[in-house]
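In what follows, chain A forms one complex with chain B and a second complex with chain C.
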Partner chain A sequence: MKSVFSPERIGWLLALIVAVLLPLVVGGYLTSILLLIAIWSIVAVSLNLLYGYTGQLSLGHSAFLGIGAYALGIIGVKLHIGFWPAFFAAIAISGLFGFLIGIPALKLRGPYFVLVTLGFAAIVGVIVLGWTQLTGGANGLAGVPRPTPIPLPFGKTLRFDSLLAMYYFTLFFLVLIALICHRLVRSLLGRTFVAISRDENLAEALGINTMQKKLISFTISALFSGVAGALYASYNSVISPDIAYFARGMDVLACLIVGGAGTMAGPMIGTFVMTAIPEALQIVPTLRTLINGFILLIFIIFLPTGIAGGFKALFARRRRSLSSGMGRNGIA
Partner chain B sequence: MALLEVSGLVKTFGGLTAVGNLSFSLEQGELVSVIGPNGAGKTTLFNLLTGAYRPTAGEIIFDGNDITGCKPFQSAARGMGRTFQKTTVFRDETVLDNVIIGQSVHLKTGVWGAIVRTAGTRREEERVREKGRSILDFVGLANTEGRLAGNLTEEAQKRLSIAMVLAADPKLLLLDEPTGGVNLEEIGGLIELVKRIQQSGITVCLIEHKMRMVMSMSDRIIVLNYGTNIAEGTPAEVASNKEVIEAYLGARRVA
Partner chain C sequence: MIELAQYLLNGISQGCVYVLLASGLTIIFGILNVPNFAQGHLYMVAAYLGFYMVMSYAMNYWLALVLATFALGILGLLVYFFVFYPIRNAPEVNLFVAAMALLMILEGGALFLFGTETKWFLIPWSRSVLSVGNLSLQVQRVIVIAGTTVVMLALWLFIKRTSLGAALEATAQHREGALLCGIKVSRISAMAFVVGTALAGIAGVLIGPAVLLEPTMGMGPLLVAFSAIIFGGLGSVAGAVLGSVILGVVESLASGYISATYNLAFVFAIMIIMLLFRPKGLFGKEVWRP
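Up next is the complex of A and B:
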């Protein structure tokens, strides 16, 4: 059994400490970038549940990002409902869309499923741009609410008006969603997800209701992407159609592949690398797509399991060589 | 009452009739072999029974329920387990995880239970592990639970694929060539396993090509040719059936 202080847990703890302390040291600009990394990480983590662990590749997660963002925007700006009910409604709406799209889409397999998700993302992109009365069209929506203060005991309040507070608010959801995904994947339910990703026909023959399990995974994944969309809308306070642009779904997938699909740390590592490298090199935005495409290509060819997958294989090999060196009972 | 009753089963692919007007029944506790030349429709029959294929016509009554047109996971949930001709295990998972996945039809852990890890969820995990170990013990894989399934020998993978199906507590076990691709000296062990499964009260129906094995272990034999059963009976009856000798055994004697 794993001890409380396994190397894995220490790694996660260190990463969390750095994520909490870093914005206190670096300036506002870098904090805003860290915040965006956290938001895109949420999308990557949610896509990882669907693609990495359930084997269903969606290129349409920009749609759920957009739905989450616009749902919060429309409910908050047009209906003048307070932030918290609007926020949770936006999340629920994203999940509902995931459920409704999942029912027909998941009946298809392989490339056909991928195409349906891509088509859905394109449709959402067109609606966001075209339905001007609802979405503001190309002008977008301004004045999306920030989280309203939460009263705490002893007369204190939790306020969200600073950049730092928004960062911690986002980080909270990233940690929460990553933990939920971790629990899901390790559970007996998660094992059926993994079984489907490995061999759908065998899973079905063993009595797994593959359609139902895929739908659960898809709905949760859509819901979490909606959280990221709502967080983005709230942080930015202005949303424009580019949040729902379908190419964003592919950017997320690129992050996932670079980091390592089907691993817990992969989506976050990938998002960090794919955002931090162009940022650190101060590359102009048009070149970024080119550089990111180049990085993705390198990974697909040389390390298809991604950074986290590569580390995993490295450790597994070390453990094997250790155990063979020490005889059969060397390491249990 | 028969455990499985098939009547008038037909499956056509375009103009080709893979199974044509097939009727037979399996009694509780029997070990029945389905034999026939290549392309006789044996595997197609299994695919029809489990619901992997939808029958063109006919009726399948299993354990008192009409399961015609059921999906594979539904027939599995009703107690019909099957293995595949090509050995199928989850190669990248451990042996124990494979038999745990095999228990899927009984699993109750939902989204909420998985996330908050309720007491019921943890109890279920413990129960599933225990049961997995006892099944591995039963099929003779007791010391392999932590190994990756893909690293096992072909024979051990056959045992594991049977264990995965047994994990669902089937009433009927459909085995598609349980000794296919296994070394000659290892076949005896697998036959012994199949017999033990039958003795535990599970009805077994298997597809096999190895005649000596079929003749020695089967209670009854169903002979398929061109998608219909040309003969049915005890090994002795089938071996002396003229039509069978002509269509199947006879062809061998000439060669």
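Up next is the complex of A and C:
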């Protein structure tokens, strides 16, 4: 039995407290960076469910990010529908696309699946750039709505017009999605995901409907990425085709692998490290892709389990006990 | 009718670029089982190399073609020994990720070194057009078709008529079997990588003067080349060649008759449909590996 206050839980609690209190101390600029870290963490967490736990490498998550962002933008700007219905519609649309793309794509394995996800991301990128009437083309869409105030009891309202409020709004979704993923991978469904990632043929032989389970994982992952896309669009209020550019999906994958795929903390650690370090060193944005690529390459060669996986291995060795870790330990 | 013939001709010349990329990809995939996502970016690097040799150092175009091809071959060797050789026993997903990291490094490096503005690769015959009857084609496009034919013939002779080529084919067919026959598989793998990247180099310098250069120019052709491989059947160079020409023609017809904006979308849609209904492609063997 784990005690209520296991070191792991205390760590999570401390991280949450820091995440809540930090923006109150630091200035607006750093808060906006924390907000972006939270948004990209959501994508990394959702990709982790698919790649880290279910073993399906998708290079197409920029597509779901773009679909979530553009769905909110188009519904909010062109159809003049209020924020909340548009927001939930955007999430549902990303999930629906995930489901529809997942059906053909997940029939394929290994390199074929990766290629179809990349091809899908490329199609979405082409459409976002090309369908000017709908998406604004290269100019993008401006005036994406911010969340409208929610009335609370006692005559108060929950407003989202400040940066801080937007940050907490995003953090709320990050915590919610991380919690859902945490419960999910420890459920029976999550165990079947892990079984599929370890050996898909064996899982199938054990009577797991692998296609159905992979589709569930893919749809949830797409839906959560759509949440991040919609949050990004709402925060930025302007969206450009860059959000749906395939390299965004690769950046997220780089964060996930550097942090540690198949671990709960990995995606968040990775996103934080990969965003905070270039920011602290004041590296020009044009160099980011180059440096991210190098970091990813070094990790995949020398520490494919990422930072979290490395720590896990270190502690496991110290305790001289078998690691009961979940996910694809040893596999990035 | 003349319109259709012109589109077919354009499609074939475009398809030739895909032929070079796709055959390189097929050779690398056959040996290492890695879809080399960086192939399109290697092609971009080669185009820029040729550009700087010709435009900045006033080098002869043909010399630049040879030098850039050699440079890409050496780059391929370095990539193999520093990236893919150390992780040859890792799960295949790690190899995919490594290939993707290479793509990021090449794209980021190109953005940093060459800038985002598009560049014209000008050679004496850049603007000349060859006309026969009512059909016309840029001279450089004719050179692309001729060059691709020569290179593919040379590749075919290399694989079928030399012992190194036979070793390459044997390793692609059965790795352990090749090892048992005394073939030095790791050397053959390195060679496959060198040949594959050199093919990307030839493609880049050949097409450079016919297109605009930009750091992202490799992504579209890469995806089409992958589609062509899947269309033709993975693991067969002949399938890759035929698939590339067909998809080049499809792209040209789609941009001519339907929409130039979405021509690539048609090509990817064909790839996805092909995967759904005939995953082994036109000439492929089994798709699933146990």
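Quick notes
In this section, the second predicted complex is superposed on the first by the 320 of 332 C-alpha atoms of A that agree within 3 Å, B and C clash if a C-alpha of one lies under 4 Å from a C-alpha of the other, contacts with A are read in each partner's own complex, and residues count from 1 in each chain.
To be clear about the criterion, a residue touches a chain if its C-beta (ideal position, glycine included) is under 8 Å from a C-beta of that chain, and two chains touch if they have at least 3 such contacts.
Note that the structure is a prediction, hence the values are computed from the model and not measured.
In the superposition on chain A, A:303 contacts neither chain B nor chain C. By the touch criterion defined above, A:254 reaches chain C but does not reach chain B.
By the touch criterion defined above, A:163 lies against neither chain B nor chain C after alignment on the C-alpha atoms of chain A.
Put simply, more of the residues of chain A are touched by C, taking chain B and chain C as the two choices. Legend: residue contacts after superposition of the two complexes on their common chain; A:127 is shown touching chain C, with no touch to chain B. Within the superposed three-chain model, A:96 lies out of touch with both chain B and chain C [touch as defined at top].
Judged by the touch definition given at the top, the superposed model places A:199 against chain B, while chain C stays out of reach.
In the three-chain superposition model, chain A touches both chain B and chain C at residues 201. Residues 180, 183-184, 187-192, 194-195, 198-199, 201-210, 216, 220 of chain A are the ones touching chain B in the complex.
The part of chain B that touches chain A in the complex is made up of residues 50, 52, 71-73, 76-77, 82, 84, 88, 90-93, 97, 100-102, 104-105, 107, 109-111, 113-117, 121, 124-125, 128, 164-165, 168. Put simply, chain A touches chain C in their complex at residues 55, 57, 59, 104-105, 107-112, 114-116, 118-120, 122-123, 126-127, 129-130, 201, 246-247, 250-251, 253-254, 257, 286-294, 296-297, 300-301, 304, 331-332. Partner chain A is touched in their complex by these residues of chain C: 29, 33-35, 37, 83, 86-87, 90-94, 96-98, 100-109, 111-112, 219-220, 223, 226-227, 230, 259, 261-262, 264-265, 268-269, 271-272, 275-276, 279, 287-290.
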